[in-house]
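Submitted below is the structure of interest, expressed as structure tokens.
We just call them A, B and C in the order they show up, numbering each chain from 1.
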Amino acid sequence: MNAAALTAADWQVIALSLKVSGVAVLATLPVAFGLAWALARWRFFGRVLLDALVHLPLVLPPVVVGWALLLLLGPAGPVGGWLERTLGVTVMFRWTGAAIAAGVMALPLMVRAIRLSLEAIDPRFEQAAETLGAAPARRFATIVLPLAAPGVLTAVILGFARSLGEFGATITFVSAIPGETETLPLAIYSALQIPGAEARVWALAGVSVLLALMALAGSEWLARRHGGSGGRVL
Amino acid sequence: MLRLLTALIALLALTPPALAATAPTVLAAASLQEALTEAADAFARARHPRPVLAFAASSALARQVQAGAPADMFVSADEQWMDALAAKRLIVAASRRDLVTNALVLIEPAAGSTRLAIARGFPLARALGASGRLALADPAAVPAGIYAKAALTSLGVWPSVAGRIAAAENVRAAMALVEHGQAPLGIVYATDALASAKVRVVARFPSASHPRIVYPVALIAPINGRAANPEAEAFRRFLLGREGQAILRRHGFGPA
Amino acid sequence: MSFEHAFDVDVRRKLGDATVGATFTADGGLTVLHGSSGAGKSSGLAMVAGLLRPDSGHVRVLGETLFDAAAGIDVPAYRRRLGLVFQDGRLFPHMTVRANLLYGWKLADLADRWIEPAVVIEFLGIEALLDRRPRTLSGGEAQRVAIGRALLSGARALLLDEPLTALDPARREEILRVIERLRDELKLPMLYVTHDREEAARLATQTITVERI
């Protein structure tokens, strides 16, 4: 695969994929962290139910997730209708919708990674910090967050990879609109429908692999720079 | 993290509600991909904004219209879904027209030279050889497969090949099975066969052997106080007009 | 400030089927809380530190009421200014020795900082360790750093929970000397939990036996 084989349309697809995946992961991260925190640290009624709910996108066929998003966030749906009428915002058929679909699909993986790292933190370190004068917010910022950092990094990488490869929920929710929602997997699928477009399939698939490898390498570099202990993420 | 989130929300809120000022969004059945892309280019050359085209299975697109998709026009590969939308007043009834028709053909890999005439009781099973399978789009769910099964049933040969079907997820995937020699024969739309250099048409199915294969077009009814896009109506007229029909004809579609 | 005792403790708490607790008053110097294992010595210490909430009773340190069930007073652990030294050191693994030492120092009010980092580092002989990570330290080194960290947090008293248990005999001797010097040179009130009679005999200015309730 060489860069010369990529057309302007291909570059548009790649840029869009990076934007959608990047925004999906960054927007999902705080949500995933909150859920992971609740599941790892709190004992409350309905915790098992919440756990199951978080895992749904992992279990359900992606098209079902996309369909659920369609019903909920489509302009005829309860949330989507309200958004359009009151704020004039539509996420359906827009890159923001693609990012939502990718974020929802990435959520369970991200929650799992962060939750594991939170559960691995010995709560006695927080007790030690408490006796040294650290209020809850300070303990969170200086003890919990740094110790959970490898898990958060893993969550970001896994989430990014999952978002980059997201297909079923995206095409069901926001269709494949060039320049708006047609991300790499959708463009590959579309090229597969055209006889003789195999070259494009190979080129775009090659780009996908390359991006995934770059993300992995980047995370390794980050982990190493932040004091070895973070080590491998995958 | 909080600052980032705020920025994201701001970004989301800034995103304008329509795709572009005037370019209409057209949802179309996947089998129209090449033909409509060419038509859209021609439309744009006539000093119109180039329509934004989204291709997928008609069923998926129809569900998106039901969910209030911010799109202006829908071209379906089958009438059922268009009827379903019409029943819920999701399309502008007066704008519905039959855009084009399609035909079914029996295909084989390009290098082949099978001679087979399609008629009542024609020896399809024998033509498949001892172990070959007949490539079809899923006859249970996908329109192209449903039409193919109807044709074979009316010709009385379905029972002889029912156990030898290679069902694909869509008609292009079925054609790919023939292109790569995994199936010696397949049934696809005439337009698909025309688009591929790797298959050869063995014979055309008589149009009377299956329900009419028609592609209806309609404007999508605006909801939530959206304004109708006049360019969508212009593109609809263009497709139904002489130039648009000529482009569609070149890609193997028949007149409605 | 006038007060009768350095520590005035009377705490009870149900833990599972058992009730643990301790009632004692202790003056300055080093007070050993002694008793068979399972008697609730460590739980008592945790209740004094504020890490475990008593069901009833009170905790007064140097005249200040930190907990009083009847009066509804419960000062959170991070405002009690009691340095707790754990059995296992509990140095923060993601920070250098220096950052560990200064963790509580940076959080302490200026008025509460009664000892300088340089003095503590000198006192404990840990100058050479400052840039190292906790996982590279020996048990004795880690325990010295833990003691320094507690001193620098502005602690007005030290609570030590079997600080020698995890150490080999040579290291024990090293830390025992440090604790003796804390007692004799810094005159810091200390509560010291141990089940080792020799240790108790050597260190204690006062011994309190905690019985199972």
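The rule is short, and it goes like this: contacts are C-beta pairs under 8 Å (C-beta built on N, C-alpha and C of every residue); 3 or more make two chains touch, one makes a residue touch a chain.
Worth saying up front: this structure is predicted, and the values here are computed from it rather than measured.
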| item | value |
| --- | --- |
| Category of the chain touch graph - line, ring, star, complete, other | line |
| Chain whose Cα mean lies nearest the overall Cα mean | A |
| Selected interface, A-C versus A-B, where C-beta contact pairs are more numerous | A-B |
| Chain B and chain C, separation of their C-alpha mean positions in angstrom | 77 |
| Chain centre separation in whole Å, for chain B relative to chain A (CA means) | 32 |
| Rounded Å distance, chain A centre to chain C centre (Cα mean) | 45 |
| For chain A, residues contacting two or more additional chains | none |
| Chain C: positions in contact with at least two other chains | none |
| Of all residues in chain B, those that touch chain A in their complex | 1-2, 4-5, 8, 11-13, 15, 17, 19, 25, 27, 30, 33-34, 52-56, 60-61, 63-64, 66-71, 170, 172-173, 175-176, 179, 192, 195-198, 223-225 |
| Contacting residues of chain C [partner chain A, same complex] | 49-51, 76-84, 86, 88, 90, 92-94, 103-104, 107-108, 133, 149-150, 153-154 |
| Chain A to chain C touching residues, read off their complex | 124-125, 127-135, 138, 142-143, 146-147, 227, 229 |
| Residue numbers on chain A that touch chain B, as the complex places them | 23, 26-27, 29-30, 67, 70-71, 74-77, 80-81, 84-85, 87-94, 96, 171-173, 175-181, 190, 192-196 |
